[in-house]
C-alpha cells in the first residue's frame, strides 16, 4: 500500500509540475505556443480541480455562439416569410425593413439595450426600469471566463451579449410583418428603433433582467411572452392606428390580398423552425445534455403538432388544405412551446403545439372578421399563441398559473401601450401611412424607386 | 519529497472537499447555483475520475442535437428542390406535402417510430420485426447521462431520439418528389404516414436496430441503403402504379416537362449538401475528432466529385452543360458516400462520388427511356446511387461485398414491396391520382384552391 | 489528517487503476465498447493529466467542422446574391458556375491546394512559393489527435483541411459575380480552376502558410486581404480584359442593367452573414471562449454598422433608400472586420463596419463612372473594403500599419497580375467573351439551352 | 359588328367590367399591356444610376359587339374608367367582319 | 387581306398551330390573355377568406391572311380548338388594309 | 383613322419608339407577344431530352394615327426595326372607325 501510494504521488507530482510550467514549455515538446497551451493555463489558473467544469464552460460557450447564429438566421426567415405573404410591389420595401431591423437591433443593443435588458444593480426604478449605457470590453475582469456571472452562467460576457442581441430585433420584425404594405418607411425606421432599444429591453428586464416578474415566479423559458408576445401586442397597437390595407375590407366583404410567393413563405417558415433550435436550445444557457435534448425534442414535436393540427383545422373549417395556414401552424406550435420547452414532457409539448395550431387558424380568421388587417398573421402567431404558450406552462409545466397570467397581462399591456403611444406620436409628427396613391402603386416604386422583380 | 507529498495532499484535500460540498455552496463563492454547479454535481456523482469522459459525453451530445438541426434543414432543401424542378401550377401542393411530411414524420416517430426503429429487446419477430409504442420520459433513469446505453452511446435519450426523428421523414420526402404533379393529396398524406411510421422504421431496425442485417455484418454508415435506398425503392413502386404525368411520353417521343425555377432547385441542393454534414457527421454518434474530420472530408469531396463528373458527363452525352444534372450530380455524390463516409480514404471518396455522378445521369436518362416518370430524379439519385454507395463500401471500405449485396437486396425489395402494397391498397380504396382535368389545371388550384405565385 | 489522507489515496488508487485498465474493461461495467471508451483510451494514451486539454481539443475540433459547414453555406449565399443582382436570362449560367466553383475548389484543394497553401517545409522558393501534391491520410501519425501540429492547433488534420478547403473556392466566386452575364462558360471554368488551385493558395501561403507576409508581421485574422482582397483584385483584372456588358455604358450615360430578383439577392446576403460566423468564428482555430465571443460580437456589429451607414449614405447621396446598396453595406461591414475581428473592441468594430458601408457605396458609383462594369459590386465589396479592413487593423487593432500596407500591396498586386495573365492567355487561346448575339439572347439559352424560369 | 378596344388604368378593370355587365356585356378579352403617351413615366434608381421607366402598366380590353351596342359599350367604359387624370386611356372602335363561337360553330352576331 | 384573331384555351395552342400549318399557314403572333364570358371562373381561398377568380387564362392568336384563306384558317382553328365545352373561345375576322414585311419592305399579300 | 400594328424584335423597341417620336408620334400601346413564322426557334435540352421552342419573343406595338400619318408611321417603324435578318417582323394597317380619349371624352382624331 505504502509503496503504491508513493508511486501515485510520483505520478501526481509529474502531473502538477508539468501543468505548472506549461506556459514556459509546451506539453508535447514543440516550439510555438498555441490555443491548447493557453487553454491549459486558463484551467490551471482557476485550479486544476475545476477542469471538468471549465471544459463544460467552454462547450456551453460554443453552443451559445452557435445558437446566436441560428437565431440570426431567423431574421432571414422573417424577411422571406413576410415577402412571400405580401404583394410583389412591396417586396423591396419589406426586405429593406428587415435589413434595417437586424442592423439597428444589434447596434442599439450594444449602445444601451444589453445593459437595459440586464440592469444588474443599476435600476432607476428597481425591478421595473433600468436604462443604462453601452457595453464595454466584456472580456475584461474575467468576463471571458466563468468570472462572468460566476458559475451561474456557462458563457462569457460576449457570448451572453451576442446571443441576447440576436433576440432583440425579433420584436420589431414581428411588427414589420403586421404593418406591411402601407407603412411609411422612415416612420417605421424610427418606430422600430425605439421599440427594440427601449420597449423590448424594458419589458425583458422585468423577467430575464431579474425584475418584478422574476420575483413573482413568472416562468417564460425562451420568451413566448417577453419576446413573441411583446412583438404581437406591439403589432396590434400599430395596426389599430395604421388601419387596414386599401381594398381589403369592402362593402361586399373581405377581399383577400394574396401573398405573391408561396415558395418564399415556405423558405421563411422552415428557416424560422431551423433557427428556433437556437432560440429555444440556446436558452438552456449551457450545453447541459439533459435539458438540451429535452428542449430540442419538445420544440420539434410542438412545431410538428402545430403543423398537423392547423392542416386539419383548415381542412375542416375552410374545406381546403391551406398552405399559408399550415405554415402559420408550424410557427404557432413553436411559439406555443417556447415558454415551457424545458419543463414539459414530449407528450405535453405535442398537446401544446397542437392546440396552438388550432388557435392560430381561428385567431387569423377572427382578426380578419373584426377588420384588423395583419398581412402575415404575426399578431395571431406571436401574440395569440404567445398567450397560450405562457399559460400552458402553468398547466403542463408546473408553473404558477396566476404568475403566468400576471406576466402575460403585464408584458402585453406594456407592449401595447408603449407601442401605441410611440406610434401615435410618430403619426402626429411625421405620419405613419403612405398616400393611397403610393399604396396602390406599391412601396417599392414609391418609397425606393426600385422593383423587386425584373424578369427579362 | 515527504514535504511535497504533504503539500500535494493538501491541494487534493481542498479539491475533493470543495467538490464534495458543491451542491450546498457554489465553488467560486457566490450566492445562486447555476448550470456549472449542477454539471459539477453530475460529474461528481459519476465519479470524478470520469470527468474527461463526461465532458466528451457533453460535447458529443451537443454535436448530436446540432446535427439534428442540420438534418432538419434538409427538409427545406427537399421542398425547394422539388418545387424548382416541377411546374409552378403544382408548387403549393409540393410545399404543402413537405410541411406535412416533416410534421407527421416527427410525430409518428415519437408515437411508435423510435421504439420500432430500435426495439432493443422487444421484437415480435427477433431481428425482423419489433413494433413498439411511444417514447416516455427519455431523461428518466439516467437517460440524460451516459446511463443511457451505457458508455456505448455518447448522447442522451432525447438526443438519440431527435437525431433519428429528423432522418425518418426523409424516406417519405424522396417519394414525394417522384410522384409529384399528379398524386392525390389525401392519398399521399395517408401513404406517407404509413411509410414513415412502419416501412422506414422496420427496415431500419434490421440494421441500426440490431436486427438481422447487423448480424450478417452489413455496413451502412449513415444510410445509403436504409434511408436513401429505402426511399428510392419505395418511390419506384409508387411511380409504377401511378404512371407518368400527362403529356410526358407522347407518340413522337419524350416531351420534357420543364421545372419552373432553377434558383429554387439550386437552393434546395445547396441546403441538402449543407444538411448532409449533419446527416453523415452526426452519424459518427459522437464528437470523436478523428472520424468526425474524416467524415466531413469524404462527404464534401464525394459531393464535389459527383458535381464535376455529372457536369462532364452531361457535356459529353447531352452536348450541353445541364444545370439540373449538375445539381443531381452533387446529390449523387452525397448519396454515394453516405454508406462509407467513415471508412474510406479521401481518394476513395472522390472516386465513389465521381462514379455516382456518372451513374445518376445515365440512370435519369434510362428511366425516362423506359417511361418511368420521376420529375425530380429522386429514384436515380437516392435509389440507384444508394446501391452504388453501399456496394462501394465493399470495394473501398473493407466491408464484406456479399453482406453489402444482401443488405441492398433485403432493404430494396422490402421497400418496393411494402410501398407497392400500401400504394395499391390506397389506389383501390381512395384512388391515388387526380383527374386529368385537375392535373392539367394544376394541383394548386384543384387541390388547394391557391396559387403559388401572384405577381402584381 | 493521516486518516483522510489514506482515504484520499484510496480514491486515487481506484481512479488510476480503473483508468489503467480501461481498454480491457469498460468503465461502467457493460459489455460493448463505445465511443466514450475509445475516447478514454485516447485520453489515457496522451497522459491522464492532459484530459482537460484533450477535451478542449475535442470541442475545438467540433467547432472547426461546424464552422466549415457554415463557410460552405456562404457559397449558396454567393450563388443567390449573384443570381438576384443579374438578369433572369443568365441565371442558369450563374447557378451552374457556382456549382462548378465549389466542386472544383474542393477537389483542387485536396489535389494540391492544401499542401500549396501550407507548404510547411517544402517550399520551392522559401516564403514565396511551395507547390505541393495531394493530401494523404491526414488521420495517420497522430494527425487525428493533437499530434497534428502539436498543441499549437486544436483540430485534426482533416479538420484543418476541410475548414480551409471551404475558403478556397471563395476567391473564384467573387470573380464569378464580377464577370457575370458575358463571360464564356468554358473559359470561366478553366480560369476559376487555375485561380483557386494556384493563385489563391500561393498568395495564402505567404501569410497563413508561414511565408514572407507572416515574417513581416502582417496581420489578417480571417482574410480581408488574403481571401476577399485576393478575389476582388483578381476580379478587377478579369473585368478590365472582359469589358462591360453590352448597353451598360452608352453615349447618353450609364444604363443600369437591373437585377432580376431582390428576394434572391437578400437571401444571398443573409446567408453570407450567417456563414461569416463560421468564416470569422472558425478562424479562432479553437473554441477558446474569450476570443470566440469577441469575434462573434465584432463580426455582427460591423455588419450591422455597415448596413446602417450604407443605408444613410444611399439616402443622402442617391436620395433613395437603395436595397441593393443596403445589402452590399452588410457585406462591406463583414469584409471590413474580417482582418481584425479578434483584435479590436466592439466600438472599433462598429466604426470599421460603418466606414466600410460608406466606402462601398462610393466605390460602386466610382467604378461605374470609370466604366468598370461589376454587376454585383464584388470588386467594391471584397476588393475595396478588403483594403480598408486590413489597414483598419493597423489603426484599431495595434498591427503595424506599414506591414498591413505592404501586405495589401503584395497580395493585391499578385492577384491582379496573376489573374490578368491567366485571363489574357485564355482570351487569346479560347476567347473569354460570348458573342453579342449570345449575350443579348442570354447565356442560359446560348450556353446551356435551358431557361431559369418557366412559369406555367 | 365592331371590335371595341379599350386601354385603361389597371386598377380600373373591376369597375369597367361591372359597368359593362350592367349594360349586358358579359364577354371580353383582357391583356396586360404597357402604355406610352402624354402621361410620363417615373425615374428609378439602381446602384447609383438613375433611369426612367417610360412605359406605364395598362390593361387592354377587347370586346366584340353588335353595331348597335357600340356606343353603349364605349360610354360604359369611358364613364367607369375615367379618373380625369392624364393617362386614363383610350377607346378604339374597329370594324369586325365576322365572329365564330368555336364551341358551337355559330357565326355572326349570335357568336358574341 | 384579313386579320384572323382567335381566342382559345391555352392547352389547345399546339394543336391549333399544327392544323394551321397543315393548311399552309406558317406565320402567327400569340399573346397570353385573360378571358371573361359564359365560362365562369373558380373560387379560391386564402387565409380563411374566399374569393372568385373571374378571368380565365386564354391564348390569343393573330394571323394575317389573304382574303381567300380566311375560311380555311378560321375552320382550321375552330376544328382544332374545339372541346365542345363552354369556354372554347372565338374567332374574329377583321379587315386588314396593308401589311409590310420589315426585313424586305415587301408590302401587301406578299408580306404575309 | 388607322390602327398601325407592328410586330418587332424586342431589343428594337427603344429604337422604334425614338424614330416614332421623331415623326411626332407620342402615343402607343405595347404588348409582349410570341411570334411564329419563317424564323425558326431553337432546341433546348432538359434532363436528357431535347425539345424545340418554336415561339420567339416579339413585341407588338399598336398605334392609332390619322390617315395621312399612316405611311410616315409605317416607314418609321420599318426603318428602325430592320436588321435585315429573318424574323424582323411585320407592320399591319387596320381601319379604325372611332377613338375616344377617356379622360376628356374627346372623340375622333382629336382623341389620338
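Order of writing sets the labels: A, B, C, D, E and F. Residues in every chain begin at 1.
By our rule, contacts are C-beta pairs under 8 Å (C-beta built on N, C-alpha and C of every residue); 3 or more make two chains touch, one makes a residue touch a chain.
Predicted, not measured: the structure shown is a model, and the values here were computed from it.
J.: Going only between touching chains, how few steps reach chain F from chain A?
T.: Between chain A and chain F, the shortest chain-hopping route counts 2.
J.: Which chain pair shares more contacting C-beta pairs: A-D, or B-F?
T.: Greater number of contacting C-beta pairs: B-F.
J.: Please report how many Å separate the Cα centroid of chain C from that of chain D, as a whole number.
T.: Once rounded, the distance between the two centres reads 55 Å.
J.: Taking each chain's centre as its mean C-alpha position, how far apart are chain D and chain E in Å?
T.: 18
J.: Send over the residues of chain E in touch with two or more other chains.
T.: 31, 45-46, 94-95
J.: Taking each residue of chain B in turn, which ones touch at least two of the other chains?
T.: 12, 16, 48, 51-52, 55, 57, 59, 62, 66, 258-259, 261, 267, 320, 322, 324, 449-451, 453
J.: Which chains touch, pair by pair?
T.: Listed in label order, the chain pairs in contact are A-B, A-C, A-D, A-E, B-C, B-E, B-F, C-D, C-F, D-E, D-F, E-F.
J.: So in the complex, the part of chain C that touches chain B is made up of which residues?
T.: Residue positions touching the partner: 4-5, 8, 11-12, 14-16, 18-19, 26-28, 30, 32-40, 43, 48, 51-52, 54-55, 57-59, 61-62, 64-66, 68-69, 72-73, 75-76, 79-80, 83, 91-92, 95-96, 98-100, 102-107, 110, 134-135, 137-139, 144-145, 155-159, 161-162, 165-166, 185, 261, 264, 267, 447-456.
J.: In the complex formed with chain D, which residues of chain A make contact?
T.: Within the complex, chain A touches chain D at residues 440, 445, 449-451.
J.: Where on chain B does chain F make contact in their complex?
T.: Touch list, chain B to chain F: 253-256, 258-259, 317-320, 322, 324-325, 361, 364-365, 368, 377.
J.: Under the touch definition given earlier, write down the residues of chain D that touch chain F in their complex.
T.: 2, 6-8, 31-38, 54-55, 58, 60, 74, 77-78, 81-95
J.: Would you tell me which residues of chain D are touching chain C in their complex?
T.: 45-49, 51
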